[in-house]
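All chains are identified by letter, namely A, B, C and D, in their written order; residue positions are counted from 1 within each chain.
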Amino acid sequence: MSQSGLITMNHMTHIQQLNPNAVALCSLGRWIASRHWVPATGGNFSIRQDENTALVTASGRDKGELSPQDLLPVSWQQEELFSPLGKPSAETALHAQLYQLDPAIKVVLHTHSVAATVFSRIISTEQYFFSGYEMQKAITGVTSHEQSLPLAIFDNTQNIPALAQQVKHCWQTKPLNFGLLVRGHGLYVWGYSLEQAKRHLEGWEFLINCELERIKLTGKP
Amino acid sequence: MSQSGLITMNHMTHIQQLNPNAVALCSLGRWIASRHWVPATGGNFSIRQDENTALVTASGRDKGELSPQDLLPVSWQQEELFSPLGKPSAETALHAQLYQLDPAIKVVLHTHSVAATVFSRIISTEQYFFSGYEMQKAITGVTSHEQSLPLAIFDNTQNIPALAQQVKHCWQTKPLNFGLLVRGHGLYVWGYSLEQAKRHLEGWEFLINCELERIKLTGKP
Amino acid sequence: MSQSGLITMNHMTHIQQLNPNAVALCSLGRWIASRHWVPATGGNFSIRQDENTALVTASGRDKGELSPQDLLPVSWQQEELFSPLGKPSAETALHAQLYQLDPAIKVVLHTHSVAATVFSRIISTEQYFFSGYEMQKAITGVTSHEQSLPLAIFDNTQNIPALAQQVKHCWQTKPLNFGLLVRGHGLYVWGYSLEQAKRHLEGWEFLINCELERIKLTGKP
Amino acid sequence: MSQSGLITMNHMTHIQQLNPNAVALCSLGRWIASRHWVPATGGNFSIRQDENTALVTASGRDKGELSPQDLLPVSWQQEELFSPLGKPSAETALHAQLYQLDPAIKVVLHTHSVAATVFSRIISTEQYFFSGYEMQKAITGVTSHEQSLPLAIFDNTQNIPALAQQVKHCWQTKPLNFGLLVRGHGLYVWGYSLEQAKRHLEGWEFLINCELERIKLTGKP
């Protein structure tokens, strides 16, 4: 990296340490790690800075030790990603896609819990419908346990831009309800604030865990 | 909110920060959150102040970060609820009903564990009978594992006043044993002190978890 | 209680706060509570002081907040128990029985985990044999996973002196391997030191958990 | 032990307390204990010092309280082990074997989780193939969930040098992927750095847990 690149990185790191968004995202990230939902350096988190920019966790960091210097600024223009500090991780493309689909999205969280991963594999359909749970109301817009709440499941691929395109296509035809599963991979949730994104994460994890337990107990998927 | 409303709120918040009941309820609430029994801002807790008043958690607060300013004073008169700081959350009606049914009740805890939620769905009857567990003695009044200990299960509804009426009706015909389940929703427990309410919560959670594990192992509900 | 009784209690409490055995047992007890193995004030712990005396947890204390003033000195003479501070809890009789059966026992731990409780109910025999687990070597005297390691299971009763007699009778005919289950009730472990009793507790809990998982996975008890 | 032996031990202990490798391994070890993956003083950890020497945990220590004085320096020459502070524990032979098989290995971790132990018993083959999990990429060298990732399983034995020979033999014929199971015993993982060994541990534990849950849910091993 060039001398000017190093200066930029130090400068940006300094800015991020003082950035309340960065500090709050890292605090939430460490809490998520304490739940064992991002093991083995897996998962990634981001928080929007402005219309075309977000801070995104650098790949390979232990999420239990997350601090502002582990966040990279990333900008986007359609499918193109730019980062002054080097090539952002592949999965950033899905974060950028979500930020472009809804300008109100402030935070995107991608996690790898055992429950979400297993659930996404035992369900072979493109959507799973939750009903009868009061906890469905944790998802913004849901007002009753009597509604049927779909969660979309996409097949996994190492081609993240292609996955991002599928999500965009899906977004236009059926509601995504602030969350989606990637099969054998994990969960993405988002929200209009850090608090809302955390609530959606806990809500979806709860619903998925309940259905897994129910299937174990009754034998009926 | 009017200027005088703001003054009232600041004044009340100040009082609650110094109120040992409020401090102790928040401490118990954070412990309950650490058990993952109130995820996604779910659940609510209350502590009686006098015959017709309790402090109740405001809806939508992260229970892992509960502090006295998250508690609202609520008064009741039959089915009517009053709060100087605005409209209390719907579920407060069930807390108020319990306080009116037994003047010795000091604390009500409403939680959303995966175990209690799933258990309430796989059991389709109005009551479930626990027997053979020493832990039944955690519930006040139980003296032997040989007794049969019923736990009532009510169907979920978004009409909390109607649910409160059903609980009142049930109270007069069969014992509730310091706890009840709402199907697909969660657990309510209560006690004559904070310590007793916590013991009832842990006791019922333990018994429910044991039965779920037993059903998984033996296949027999 | 008489004036002299109060003086005795204050005096004893003072002694226990300075007693390294009491401090160490409380520290272990809080760790056990953090594992959720003594919920709802259940369980009890003791540490031997001399041939005929031990410090025992007073009944009804939250084990997550255990401190030396929650320990009571208890002496025994055959089946008779004496405590200068009042009537000890019923289960103390089983602790005293174990201390009399082997003068080398220093610590007795009685816990109520979901796993041990459920395991003791799904197994209907008087003993369960563990084999093929390296962890069997956590139990003092075991040198190979190829040995068959029995764990005795006694039916629960509210008559603790009768249970203590059964344990004494069993002790003379078959090895107890530093642990026993009471059906639907919980686990007792003991050891010649605090460290050894903790190791026996973790070892037996591990073995029981493994067998429960194995049964769930294979359907074979 | 001779006077000079005591001097050596104090001297070595002092060196280890200042050794950043020792401090970092103990920190990781306590984290592993907090996950309940080394219960009942089970498991052992090591970190390479030079070509023929590593620091290894002394047997019988509570891994939740690990500190540098619990580490012993051990050297090897083929199958022979040497330690200035006495006879190293039997399982050290497998650590030494791994260090000799790949000079880039820096850290070896041996753990005893319930999941790994049970998994190793319900699978009766010499290898188990994981596929379809994004988390497979946590294992160094894996680039896609579409690869089939084998984990070797060796039968348990109290003859650790014989087991070390089997691992050496296996190493030359099929890839070990930075981990192996010993049946009914536990998991060994290794890495070229502490961070990588931790990632391999979390990755393998995650994959094993996912497969166990999948088998419980679908009944298909």
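Going forward, a residue touches a chain if its C-beta (ideal position, glycine included) is under 8 Å from a C-beta of that chain, and two chains touch if they have at least 3 such contacts.
In UniProt terms, the chains line up like this: A, B, C, D = Methylthioribulose-1-phosphate dehydratase.
The structure presented is a predicted model; accordingly, all values stated were derived computationally and were not measured.
Q: Do the two copies chain B and chain C share over half of their interface residue numbers, or under half; same or different?
A: different
Q: What is the distance, in whole Å, between the centres of chain B and chain C, each centre taken as the mean of its C-alpha atoms?
A: Here chain B and chain C have centroids separated by 32 Å.
Q: Distance from the CA centroid of chain B to that of chain D, rounded to the nearest Å?
A: About 46 Å, centre to centre.
Q: Can you tell me which residues of chain B touch two or more of the remaining chains?
A: 216
Q: What's the contact topology between the chains, one of line, ring, star, complete, other?
A: Topology of touching chains reads as a ring, each chain with two neighbours.
Q: Taking the top-of-page definition of touch, could you list the pairs of chains it picks out?
A: Applying the touch rule to all chain pairs gives A-B, A-D, B-C, C-D.
Q: Please name which positions on chain C make contact with chain B in the complex.
A: Listed in rising order, the residues are 39-42, 62, 112, 114-115, 117-118, 121-122, 156, 158, 182-186, 212, 215-216, 221.
Q: Flag every residue of chain D that touches chain A in the complex, lowest number first.
A: 132-135, 138, 143-146, 195, 198-200, 202-203, 205-206, 209-210, 213-214, 216-218
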